[in-house]
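Got a structure here, written out as C-alpha cells. Questions coming.
Going in written order, the chains are labelled A, B, C and D, and every chain counts its residues from 1.
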Amino acid sequence: MFKTLLLGATAGIGLAALQPARAAAKDPIVFVAAIIQSGPFKVTDAQNLAGVQFAVQQINKAGGVNGHPIKLDIIDTELNAATTKRKVTDAVLNDNAKAIIGASGSDVVNALVAVGQKYHVPVVAFAGEADDMTGARFQPALFRVASNTSMHASAIVYAMQHAYPQVKKVFLLNEDYAFGHESETGFKTALKGIDPSVEVVGSVFHPRGTADFSPYLQQIQASGADFVLTADWGADLIKLLNQGSSFGLKPRIGGTFLADPEILKGVGNAAIGDIGSDVYQPTIDSAENKAFVATWHNAYANTPIPWPTASVGKSYISTELAAIAMNQAGSTDFAKVEKVLEGLHYASIAGPLVVRACDHQVQIGQPTGLVIATNNNPYPFPFIGPALIAPLNVIAVAPTDTGNPRCAAAPNG
Amino acid sequence: MTAYPDALAEARSPRRAQVLNLHATVEALVTVALLAVLVAAPALFSRATINDLGQAVCLGLFAISFNILFKYSGLLSFGHAAFFGFAAYTQALLLQSFAGLPVPLLILATGLSASVLGYLIGQICVRRSGAYFSMTTLAIAALFYAVAFKWHAATGGTDGLDSFMPSSLMLLPRWHLDSPGISETYLLVLAILIPVAVAAWALLELTPFGSAVVAVKHNEKRAAFLGYDTHRVKLANFTLAAGLAGVAGALWAIDNSFVSTDSIDLSFSTTVVIIAFLGGSVWFWGPLIGAVVYIAASDWLSALTPHWQIWLGLAFILVVLFAPGGITGLVKSLWRLALRPQAAANV
Amino acid sequence: MSETPLLRLDGIAKAFAGTPVLVDLDLSVRAGERRGLIGPNGAGKTTLINVITGAHQPDAGDILFRGKSIRRLPPHRRNRLGISRSFQILSLFGEMTVGENIRNAILRYRGLHVSPRRLLRRLDTIFTEVAAVAEMVGLGRALQERADNLPYGMQRRLDIALVLAQQPELIILDEPAAGLSAAETRDLIAVLQATIGKRTLILVEHDMDVVYALSDRITVLDYGLVLTEGTPAEINANPDVRRVYLGEEAA
Amino acid sequence: MSSHVASLLVAGSLDALTYWSLAFMVAAGLTVVFGMLGFLNAAHTSFYMLGGYVAYTVAGATGSFWAALLLAPLLVAVTGVILERLLFAKLYRAGHASQLLLTIGLAYVIAEASKLVWGDSAFAVAPPPSLAGRITVLGATLPVYHLFIIGAAMVLVCVIAALLLGTRLGMVIRAASVHPEMVGALGFKVRDIYTLVFAVGLYLAAFAGVVMAPLEGVYPAMADDALVQAFIVVVAGGLGSLPGAFIVAGLLGLVQGFGSVFFSAYAMFFPFTVLGGVLLFRPVGLFGAKSA
C-alpha cells in the first residue's frame, strides 16, 4: 500500500510540476514574490500574494515591462530569513530575477535586502516597518512601500484626534520586543507633535503570545485612560480586542495593524469604533481607487478576498512601482531603475505617491478609518469605514530626522 | 561501533571477518566519495545549487552534532539550536568587531565558546536521561530564544544581524575580498567543516574516548561499576556536540552573512531532529545526507503545494515506523540484504 | 598493633522506606582473604554489596577501604581504588561484542578509557589482554559474539570476566552461580579457583558447594545482622546457622 | 489608596487563579498519558488546538458553546483512539525517542490538516451569554468567564482525582501502569486500558482547547504557543505527576498573575524562572521519581 501511495503521489506531483513550464511565455522578465506560504503565519501573506499576482496580471495585460511579460517566481519564505535568502538567491541566479517583492517579517526583509545588495536587484517591500531600515541601516537596494513605524503611529494618532477630539488621556500597550518598543516611542512622538495636550497615563509592554490580557486590562482601567494605542498584531491583537470587549473596556483602541480583515473577522462587533490605518484602504475616495476596487471585485468576488485590503494595496503598489520604474528606465538594469525610482511620483490607487530619493521610503498620505458596522462596508463583518487621509505633512518624517546619512546631506529629500 | 578487530577470531571465522571488512571498506569508500563530491561540487553544479548546498552542509554538520548526542550517548536533544544559534550570533558579533582577523581563527573561537557553553549547560542536562533530558534541553533552548528575541542591542531582536562580512577568507590575511562569491564561501565552509567532522568521527569511532561514550550509553550502571565516571563521559560528549553545533552555527552565519532568531528558535531544534532521522542516525554521515535531501525535498515540495508540511510530517511518521534507520539505514540494510546470499555462496 | 583490614564496615545501617535491612553491621575482611557471605533471602546480602560498592548510601556507619573512608565516594571512584563487582541480575553491555565488553573493563583499568589521542586499533597490548581474559573464562572463541546472543551460562562468565579483567584488589561476586546448571557451576568454580589467585574475594552465594569451594571464612547474615562468622567447617557445625539458613536450604 | 491596593490584589489573585487553571488544564492530559503509559506526546497541544477548532465548528453549527464543550473533546478523544490504535500503540515499548519523533511528525500533519479544513485564519468563539458578563469586587473588574475557567479546572481536578483514586476502574488503570502483566493476568484487557487512558489524555487536551477558545480565539499557532509552557509545567512537576503539574501550574499562576503587573518587562522569562527555581531544589521535578 505504501508503495502505491508513493507512486501515485510521485506521478501526481510530477504532472503538476510540468504545468507552469508549459504556460511560461517567451523571454519573460522574472519578478520574485517572497511570500509566507506555509506554517502558522501563512494567513498573513495570502492577501499580499493576491495583490502581487493581480498587479502582474494587470501589467502583463497592459503590455508588460518593456514589451516583455512578467513571470512571477513565488517563493515560500516559511517566515525564515535563512530559507528566504537561499531561495531568493536561487531565483536570482537561476532565473535572472529583476525585482524582489516582499515580505512579512523584518528579518526576512533584511535577508531580501542582503540578496538585492549583493546581486544588484531592487527589493520593493510591502511590509517591514522598522524606522532604521531606511534610516541608519539604509541600503540602496531597498525601496519601501510600507510606511515606517513613525508614519504609521502618526496616522493613528491623527485619526484618533479627529474621531475622538475629547480624548485627553491615552494608554500605550505594546508587545515586548524591538518593534513594540519602537512603536511606543513612535506613539509618544506623534502625540507630542499632533496634540501635546494629550497625556500618556500609562505604558506597558507585554510578552508576545500573551494568553490572558486581564492584568493589562486592569491597568488600563485603573489608569483612567480614555484611549488605547497599540502596535500589537496577529493573534495578540485579536485576543486584546476580544478580551477587552468581554472585560468591558471603555476606552476605544487605535491599532497599527487593526485595518486587516483577518483581524476584524476574528473580533466581530467588539471592534466597532476602533481605529485602524495603513498605506492603503479600499474605502479611499478617489477615481483611481474606485476603478481598482471594481476591477478587483470583478476578478476576486468569489475568493476569500472579495474586496481589496490594506495588504493587497501595498503589495499591488510594490509590484506596480517596480514595473513602472523599469518601463520608464527602458531597462531592468539596477543602476538605471534606481535612478528612475528615486523621486518617482504618480497617482497610485492609494493617492499621490513619491519615492523619496534620499531614503527610498515611499511618501504617501495615509488613509485611516473607524471600524463601522457590517451593513455599511464591503465585508460581512465590521470593517474600516470611509477613509480619512492623514496628510503627508502631518505624518512624514523629515529627512534630517531619519538618521539616514544620505538624507542629512539632502535635507529636501 | 567499530568491528572488534581480533586476529584470533578472524582466523577462526574468515567468512564473517571478510564480510565485516567489506562493510567497513564500503562505508569508508562511500564517505570519501561523498566528501569528494561535496568538494568538487563548484565544478560540477550551477551556482544556485552551490548556494543550496552551502546551507545544506551547514545544516548537515549541525545534524551530525545532534546525532553525536543521540547515536553515541542515546540523548535526544530538543534544544540543540541553542548552541547553533548562540554560535551564529557570536560569529556575527566577532566578525563585526574583529573583521581583520583570519576567519578560521574566529570560527575556532566561536566553536570553543559554544563548547564552553555546552559544558556549563551539560552540567544541568546530562544528569537526566530519556524524556527528562529532551524536555530540559527544550526548556533551555526556549530560554535562549527568549534572550535572543528580547536583547535587541546584541542580537538585533527580530531584525537579526547583518552587514558583517569576513574581509579575509583564509588564513592568509592579505587575501581581501569585499564580497566573497558563493563558491569561495562554500569552499571555506567545507575547508572547516570536513576536517572538524572527520576529527569528530575519528574521535568517536576510533579512540578509547568513543568506546567509553558508547559503553556508558549501553549500560551506564555497569560502566560506573567498572570505574567510568559516567557523568563526565556524557558531559564530555555533550560538550563535543555543543562545540560542533557551534562550528556549524559559525559556518552558517558566514554562509548566510546573516543571523536571525530563526537560527535559535524551537522549530529549528525540531528541524534538526527531523533532518538527522531522515538521513539516518545509525551512520555518522547520515545526517549530512539528510540535510541535502531535506533542503532539496522541501524546496521541491514547497514549490508544488503550500501544504507541503503535511507531506513532511507523513514522511517522518513513515520513517519512524518503517525505516528507523532513515534513508542511509534503508540503503545499508538493502545493501546487506543484497550481500548476504553472495557471502553465503562464497563459503 | 594489628594489621589494617583491607575492608572494614563500621556500624552500617540501611533502611528502605522505614524497613531496616542492615542494622549496625560490622564486618572486617583481611587482604587476601576469601570471604563467603551467606544468609536467607532478605538477610541484606545484596544490600551490603550495594553499600560497599556505592550503589546505596548507608544511613549510618562508615566504610573503610585500606583504612580510608570511602563512604562518600561514588561507585566509579571506589572501583578505581580497586573494588570491582559482578551482578546478581546480569549487567552486561548487551549490544556490544564479548571482546568489546572486556575491552571496556580493561581500557578503564589501564587508564586509557577516555584517551582521545590513541587509536583503538593501535592498542595492541589491550587486545592481547582482552583475548587472554576471554580465554581465561572460556570465552576465547566468542570474542565477536554479541553479549546478548550468548547462552546464559556464558553471560555469567562474561560478567565475571569484566571483574577479573580489571585485576581488582577486592573482587565482589554477587551470586555468580545463580541460574547455572550443576555442570556449569562446576566449570565456574574451576574457572574462579584458577583465576582469583591472591586477590581478596567477597562472595555472596546460595549454592553452598560454591561457597565452600571458594571461601576460607564465611559470614552469616540474618535480618541485617551478623549472626556468626567462622571457617567453613565451623559454620557447617554451627547449629544456629543450620537452623536459620542451611535448614531452610535443605527444605 | 488602600482600595486601589485591594482592587489590585483581587485582580492579581484572579489572574493568578486563571493562569493556574489554564496552565494546569493544558498540561494535565500530557502528564496523565506520560504518567500512566510512559508515552511522551509532543503533539499534545496539537490536540488542544484541534479541540478549539472543533469547538468553533460545533458552536457555529449549534449556536451553543455548551454543545461545543460537550462534543468537541469527545470528538477529539475518538480521533485519539483511532490514532492510538494505528500509531501510538506500536511505540509504547519503543522508548521516548521514537515516541517524540512520531508525535513531532504528527504535529506537522495535524497543523496542516487543520489548515486544510479550517483555513489559515483566526476565529473568535463567543462565550455563552450567561458567562459573557463581568462583576466588580472591591473595585476590580472580574470577567465571569475567568471564574468559569477556574471552576472548570477545579471540576477537572476533582473528576480526575475521583476517577483515579475512588473508582475500581481507576485502581485497575493505576495498577496497569505499574504492572501491566499482572493486570493482564487478572483478566483485564491492558490494551483497552491503554487506549482508554490515551483517550482521557486527549480529552483533557481538547477540553482545555475548548475552554480556552473564547479567551484566546482559535488560530494556527496556538499549538506551538502552548507547547513549551505545557512541557515546563510537566517537567517541573515531575514527569507524569498530576499533583506536581497542579502545584507548578499554581506557582506559574502566582508569578504570572502578580508579576505581569509589577515586572512586565520580564514576563517572557517567568516560566523559566519557575522551572529553574523548582529544578534547583529538586532536580527531578517536584514529584519526580529519582530513577528518571
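Throughout what follows, contacts are C-beta pairs under 8 Å (C-beta built on N, C-alpha and C of every residue); 3 or more make two chains touch, one makes a residue touch a chain.
Just so we're clear, the structure is a prediction, and the values are computed from it rather than from any experiment.
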Chain located farthest away, centre of chain A as origin (C-alpha): C
Chain centre separation in whole Å, for chain C relative to chain B (CA means): 42
Centre-of-Cα separation between chain C and chain A, whole angstrom: 74
Centroid spacing, where centroids are CA-atom means, of chain B and chain D in whole angstrom: 34
Overlap residues in chain D, where contacts from two or more other chains coincide: 111-112, 115, 224, 268
Residues of chain A touching at least two other chains: 38-39, 42, 176, 208
Residue list for chain B, restricted to those that touch at least two other chains: 149-150, 307, 309
Pairs of chains found to touch, sorted by chain label: A-B, A-D, B-C, B-D
Parts of chain C lying in touch with chain B, wherever the complex brings them together: 53, 55, 74-76, 79-80, 84-85, 87, 91-97, 99-100, 103-105, 107-109, 112-121, 123, 127, 130-131, 140-141, 143-144, 162, 166
Residues of chain D defined as touching chain A within the complex: 4, 7-8, 11-12, 14-15, 18-19, 22, 111-112, 115, 119-124, 127, 132, 134, 140-141, 143, 145-146, 212, 214-217, 219-222, 224-225, 257, 260-261, 264-265, 267-268
In the complex with chain D, residue positions of chain B that touch it: 70, 74, 76, 78, 124, 127-132, 134-136, 138-139, 142-143, 146, 149-150, 266-267, 270, 273-274, 277, 307, 309-310, 312-317, 319-321, 324
Touching residues (chain side chain A, partner chain B) in the complex: 2, 9, 13, 16-17, 37-39, 42, 75-76, 78, 80-83, 85-87, 89-90, 93-94, 105-107, 110-111, 113-114, 118, 130, 133, 137, 176-179, 181, 208
Chain A - residues contacting chain D, complex: 38-43, 46, 176, 204-212, 214-219, 221-222, 234-235, 238-239, 242-243, 246-248, 262, 265-268, 304
